[in-house]
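In the two assemblies presented below, chain A is common to both, partnered first by chain B and then by chain C.
For the complex of A and B:
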């Protein structure tokens, strides 16, 4: 687009874009640079006059295997949560986009995005009430079933996964819904007229054509879940130590900002590496 | 290839009746046009034959099989959609081969039949393209190849040419007709374009409000419309006002009939024509020159008449002046009011 611009046009473009650039600089670039700077310090300047520059914080990640273990645990969690979000969210989006018409669709859609409207802490504590021993879920199950059931989901990895899936499911549903909505119904009719079963239509037409949306949703879920700390801490209890909670501890409990910053940037690098490795797949999905 | 029999089919959407006791037969190997204004039920009829809708009552037979309860996937039909509905994620060859792969045709045969179908629509060289890389006319050919590659019992076309511009449309009409003759497939096609219906089909069915008004060969429907709607919808009709009727020779005259003429049956002159011709007096409103042909708009006792003739056959006439329109009495259309 840049080729044909006159200087006047370029000036106007710059003027129009400058608020966005300013915003990016102030809200993203400066804090990130500061964090990157912190990650190479021995101590925070305001706390210790004898602060210096070091690579020690990054070395700490390599020498102490706990961090790598926790990072692996967090990545596993993120893959699990993303997987469940896809398994639950895509069929939801499919039904919303292709089976339900009219007003009931709007009502259902509202219910899908409702988790977005509630405060996340409230949401997580509600799950705690539902999941704890003798909680809402356990009582309901016991009321339904004749024999005694002990669920004891609270303070388990399962509880963390449930809470995270509930929080992030709307992303997958929304992006998949939009992608599926864009698939012309005539394509489905055409496939049916050629004798295709529902499964064939899903596999060869709907899924390939909505894959960009589904993957966008998956990325939107995966990235924040790797670094999540609130759900693991509240719903996971003793099991809830993850990479994200360790970073949080560095900032709010241990006050070791340089280590927290270094761990954050290692996480950022790993996430970028994973997305880069997946990008051939993502790109193919665009065509 | 099979004939299709639709008998007493009624289809409702909620309280709206889309098809009202429709019975019609589509002969084996015929090219049948369903013509009607929007909302007349022509697309509903096509989609009911295809199997997208199930009728509330009535029977549909394709060949010897009753299919009114068979879903579209199992009806063995070929269908072409208004916007072609090509799968954008597949190449031309994969689009055409979709129905074959669904039927688990062996790979070698699949390849051969894809090539054959693409050859038939003269697109063999574009097999590896994506639909987005094709022109409108090419997409249309791919859609046609895709619809016929499985050798369906019947080919259904839903306004297949309406998205093309005029020149291309005429080319495609000729092409469609050639291919239909070549493979001899029973073809039913929906259109609101009367010229297209007349050009392509060997039988026409005119629909209105979910009923078949008239069905028959194009010439018969054009020359002998059964009612005022058919007369006005297929071709144009100049209606004779009550006041002009006395003194005219009107074959088929009976109580409660209305009379009309076709624009191309009329001749125009400044003086009253001779004996043996029906004539009405009017005032020339406009003369529109269109190359070989010309159109005259004439006010006849308050109704506007239209005349179409070769431009050279129309004499010089004073604008706004009195003119006579005349026609052979046997060319009069008489329909129940």
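For the complex of A and C:
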């Protein structure tokens, strides 16, 4: 660790550090502050010279029940998607971390997380092709089953949930896997030698010890899903109006930026509340 | 070794998840080679859609813009991010913890909020919409990934190597160039690949910051899908998935992020 006694060292520290943080300030922190400011305005200053300060945008959220309803709808969607990701992803992480050994484990793990790094928009689009009426999925099901089924999944809430689970499942698998891998195998052997059943080992050892990882994954799924708008638009059709799509509309269709800014900030408050609620357990994960 | 039913069940579960993850992508790829414009079966092999795509000037322009923005983002974010990581590793100073925590908002806040905030701010200060705005946004989103990846590599760096070099008369910049940088090179390469992927795959922030008619590839695809999609979009989407998976495959080979331990 270099000390900062000399001015030369202090100058070097400043030279190395300031460009990155200056960039983050201009591109992230100032915009977030600016948006907070704009959420209290009647009009955008560049459009209307007679703009004023108001609480009206927040009052709009409170008085017009549409926004609260949509926020609840988005929160329900986020809970559903997170639940499915945990139910599907945690057993998968368990199998990868504790049942499969050696090189095949690495290869399989890489295969599981690889799609997650490919374009999320393109993956949602691929579901639109699979789910559309008389599409690949419907034909496959009809080929397997003797009777005729019409799934009609496209443009439903189910389609949105399927697309989002597909997008965010690797998060839960990644974090749970890393947490489960850190659990000492000797601990499991000791429990087994004392007669603990597989279920007891899972409930009393693996689950408690990997809970921070599982929760981190859940948060990583929940937060972006609350703010999702592209997935409901493509897969939800007319059912696809959510809190995120309303914010999108304020910025690209209705051009009521101050209202959009207020709605964004309410969403940010919800996100921060969720992160704060999860932080005691998440902190345990770091130590 | 005998295998219990539970182990077998686990393998089947894993296999089903892999099918779930890859099937839609493979279907999309297959359909890009299907002659029917309405995704009709039976499948009939054709490269028409790739030819049409190659002749679509809008797609080609957007693709070139996306690659250029991703390259520029990679260079800027990697240089700034690596410098910051080295500073965070080498020096202890008041407020360091806060600076490290500040890396998380760009990752943790939904891009919808970050993107709209950037739009509002860039309009207020006169940058407006367009490629410069997109570039500023992408670098900011990529920086935390670079810093986290390079810092992870640095944490295994033996500081006594630097001290040894110094004791033999190397000045600070020589130490950085000849000792520190070669050690962290794999982390830097991985960080650069992450930065490229973050920019190349970025949709939300680009969507709010690009000028209509001056958009990146994902934004163009989104607009096209909402207008009613054609297999041309399948073709370009298949190429995108292939490119980004290849980049990430390389990145995981260079870093320990999600890879072997």
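Following the convention adopted for this analysis, the second predicted complex is superposed on the first by the 248 of 287 C-alpha atoms of A that agree within 3 Å, B and C clash if a C-alpha of one lies under 4 Å from a C-alpha of the other, contacts with A are read in each partner's own complex, and residues count from 1 in each chain.
FYI, contacts are C-beta pairs under 8 Å (C-beta built on N, C-alpha and C of every residue); 3 or more make two chains touch, one makes a residue touch a chain.
The structure displayed is predicted, hence computed values, not measured ones.
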| item | value |
| --- | --- |
| When chain B and chain C are modelled together on chain A, clash or fit | fit |
| Chain B versus chain C as contact partner of A:96, first or second or both or neither | second |
| Chain B versus chain C as contact partner of A:88, first or second or both or neither | second |
| Partner chain(s) touched by A:275 [first = chain B, second = chain C, both, neither] | second |
| Chain B versus chain C as contact partner of A:239, first or second or both or neither | neither |
| Partner chain in contact with A:264 - chain B first, chain C second, else both or neither | second |
| Chain touching more of chain A, residue-wise (chain B, chain C) | C |
| Contacts of A:110 with chain B and chain C, given as first, second, both or neither | second |
| Partner chain in contact with A:251 - chain B first, chain C second, else both or neither | second |
| Shortest CA-CA distance in Å separating chain B from chain C in the superposed model | 8 |
| Residue numbers on chain A that touch chain B, as the complex places them | 184, 186-187, 189-197, 200, 204-205, 208-209, 287 |
| Parts of chain A lying in touch with chain C, wherever the complex brings them together | 1-2, 4, 9, 12-13, 15-17, 19-21, 23-24, 26-32, 34-35, 38, 44-46, 88-89, 91-92, 94-96, 99-100, 106, 108-115, 117-123, 125-130, 132, 135-136, 139, 166, 169-170, 173-174, 181, 198, 223-224, 226-230, 233-234, 244, 247-248, 251-252, 257, 260-261, 264, 267-268, 271, 275 |
| Interfacial residue positions of chain B with respect to chain A in the complex | 50, 52, 71-74, 76-79, 81-83, 85, 87-90, 98-99, 102-103, 146-147, 150, 156 |
| Chain A-facing residues of chain C, complex | 6-7, 10-11, 13-14, 17-18, 20-25, 27-28, 31, 39, 41, 80-81, 83-84, 86-88, 90-93, 99, 102-103, 105-106, 108-114, 116-124, 136-137, 139-140, 143-144, 147, 159, 172, 197, 200-201, 203-204, 207-208, 218, 221-222, 225-226, 229, 233-234, 237, 240-241, 244-245, 247-249, 251-252, 258-261 |
